[in-house]
Each structure stands twice: as C-alpha cells, then as structure tokens.
Amino acid sequence: MPVINVQMLAGRTADQKRALAHALTEAVTAHANVSPDQVWIVFEEVARENWAMAGKLVSDR
Amino acid sequence: MPVINVQMLAGRTADQKRALAHALTEAVTAHANVSPDQVWIVFEEVARENWAMAGKLVSDR
Amino acid sequence: MPVINVQMLAGRTADQKRALAHALTEAVTAHANVSPDQVWIVFEEVARENWAMAGKLVSDR
Amino acid sequence: MPVINVQMLAGRTADQKRALAHALTEAVTAHANVSPDQVWIVFEEVARENWAMAGKLVSDR
Amino acid sequence: MPVINVQMLAGRTADQKRALAHALTEAVTAHANVSPDQVWIVFEEVARENWAMAGKLVSDR
Amino acid sequence: MPVINVQMLAGRTADQKRALAHALTEAVTAHANVSPDQVWIVFEEVARENWAMAGKLVSDR
C-alpha cells in the first residue's frame, strides 16, 4: 500500500520518469515487503519559482 | 477542520469537481462531526505521465 | 486512482472512520468515474497542539 | 530539516513568493532552532476550480 | 486559504509551536494578501528514524 | 531537491527503513540527476485503522 509522493523540480523527461518509477518500485518491493501492484507513485513537478531553499527561490539562485 | 487532499488523474470537468466537492463535504460532515465551513478540499490533478502503478507510468499502460 | 488524504484532529472512533471511509469512497466513485478498489484513503490524525488557525494553536482556543 | 508545503490559490507574483519564502524561513529559524539552509519550502498553486470550502468550489463563490 | 504543512523532527515544545504558528501566520498575511483566519497550519512531527538525508536515517547520523 | 514522502502501514523495522532510505536515494540519484545530499525522505507510518481501500479500513480486512 505504499503511496510515494516525489516533489521535484520540473524538467524531467518521460524516459527519466519511467526509469524512476521502475527503480523506486523495485526499492520498495525489495525492502518493505509489498508486491509491485501495491505501489503507487505520484510525481509532483515544481517550478523553480515555487521552490525555496535557505530563504531564496531556486529561480533566483 | 479537516483538510482533504484528493490526488487524481487530470481530466475531470468543473461539473464533476463541483459534485465531488459537495459529496465529499457531506460525507465528512455526516461522519466526522464538523460543520461544512470547516471542510477544505484541494484537488490535485496529476498528468498520466506523473502517476505510476506497479512500476509503470499510467501513460504507458 | 484517487488517493485521498484526510487531515483531521485526532479523536474519531474506529466506527467513525469506517463510516467515513465508506462515504468518501462512494462520493468518489459516484462523481469521478472510478471503481471502488481504485480509491485509497489515508486518515492523518493531528493533535490539537499541532493544528493552528488564525495564528493560534487549537489547543489554546 | 523542516519542509514547508504551502497550498494557496494561484496568482501570487514572483515578488510575493520571494518575500514569502524569506519571511517563512525567518519564522522557522527563529522559533524551531534550525539554520536557514535546512529549510525547504514548496509553493503549490491551486486553481480556483480545484479548491472547495463549505462544499463549494472557490470558482463558484 | 493557504494551508501550510510543516514537516519537522519531533521534539518542539508547545511554546515553540505557539510562536511558530504566530510567526508563520504573520508571514503569510503580510505577503500573500489573506486574513489570518484564512491561514491553517498543520505540524507533522517526524521521528528521527523516519527522516533520511543523503540516504541515511537521521537517527543514524 | 527531491522530497520523497512515503506513506505506508506502520510496522517496518529500523533496518527496513535504513535499507529503504538507501535504495530510494540511489534510485533518485541514478535517474533524476541529483546528488544524494539533495534527497530528503520522510516515512509516514499509517495505522491499519487509518488506511482504507475499496471503502474498507485495512484493519477490517
């Protein structure tokens, strides 16, 4: 039943998401004792203007 | 005070969201002992390329 | 595929959660065109000390 | 290590986000005993059609 | 309408949360053009065993 | 900058979390072009009474 939310900067290609979904699912099935169909993943793509670190927008760095 | 986040594939119409907001709010007020104005709902629409199940992007299924 | 996260103050009984899970699932299947087994719900119970409105902790109101 | 997710209606300017990121980071470093580089903030902009209060979409109010 | 979720390591006192809730609400009302009663904040306290950075649990650092 | 939230049923051991944190971080660094120290992971452990699938609490299945 794990639900995995991945918040990351926008800009990954479909191929990167495809590989990421596969690898994250393998990680969870290997170590959390669940079957692959029980793993749901949601990618949340964040604009550089909507992410801040150390008080600064990433778009300003 | 409940906050309800609904992550779902993009593509619902405004009418569907309207009906969904009404029905979810009724469900919560009926069973969680809160008044309707205390119920906030956020719909997060997810692209098919950003949702994976069983290690596969929904856009690839 | 909807995932519904419900953040609410702690204190609901198992019976309330049971009724809430049933009613929320009905709301989504009725209006978002998905089958019940595609609806996952997570209740996040929040202590009164961990929820603030208008700048005040709920535990202080 | 705090991660701060801010869900708000879309429409703030980059300048508002810049000021908000700065002020939220100051609030956390002042009161939660962390250094600024440990504070990550994500703004999630929500369309008026995707936010409901009291069972009504904000876009219908 | 902002909802602010703060994920942080467990261990802050009620006084720290009180000050934090006040300061975060001020930051949002000052820069996002909303009234204080429209600001909801949820603190999610995370055990050191449930937070990882650079592939290592915080409890192992 | 990815933040990964993993919602799963409670009950994993520290060793499982340790292995999971390591494997998830490897997956992200391999496929999303980030360095390990940029990957933050939060495990949210959910009680069986707080997770529902197909309208039924997991604790009732």
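First chain written, first letter: the chains are A, B, C, D, E and F, and each begins at residue 1.
Please note the rule applied: a contact is a pair of C-beta atoms (placed from the backbone, for glycine too) under 8 Å apart; a residue touches a chain by one contact, two chains touch by 3 or more.
Treat the numbers as computed from the prediction; the structure is a model and nothing was measured.
Taking the definition of touch as given, a chain qualifies here only if it contacts chain E and chain F alike; those chains are C, D. When the contact pairs of E-F are matched by residue number across C-F, B-C or A-C, over half of them reappear in C-F.
For the pair chain B and chain E, the distance between C-alpha centroids works out to 24 Å. Computed centre separation for the pair chain A/chain E is 21 angstrom, with centres defined by C-alpha atoms. Centre-to-centre separation between chain D and chain E, using Cα means, comes to 11 Å. Contacts with at least two other chains are made by residues 1, 3, 7, 24, 26, 40, 42, 44, 51, 53 of chain E. An unclassified topology is adopted by the chain contact network, corresponding to no line, ring, star or complete arrangement.
Every pair of chains meeting the touch criterion is listed here: A-B, A-C, A-D, A-F, B-C, B-D, B-E, C-E, C-F, D-E, D-F, E-F.
Touching chain F in their complex are the following residues of chain E: 7, 44, 46, 49-57, 59-60. Residue ranges on chain A touching chain B, taken from their complex, read 14, 17-18, 21-22, 24-26, 36-37, 39-45. Those residues of chain B that touch chain E in the complex are listed here as 1, 3, 40, 42. Those residues of chain C that touch chain B in the complex are listed here as 1-9, 12, 16, 19-20, 23-24, 26-28, 30-34, 51, 53, 58.
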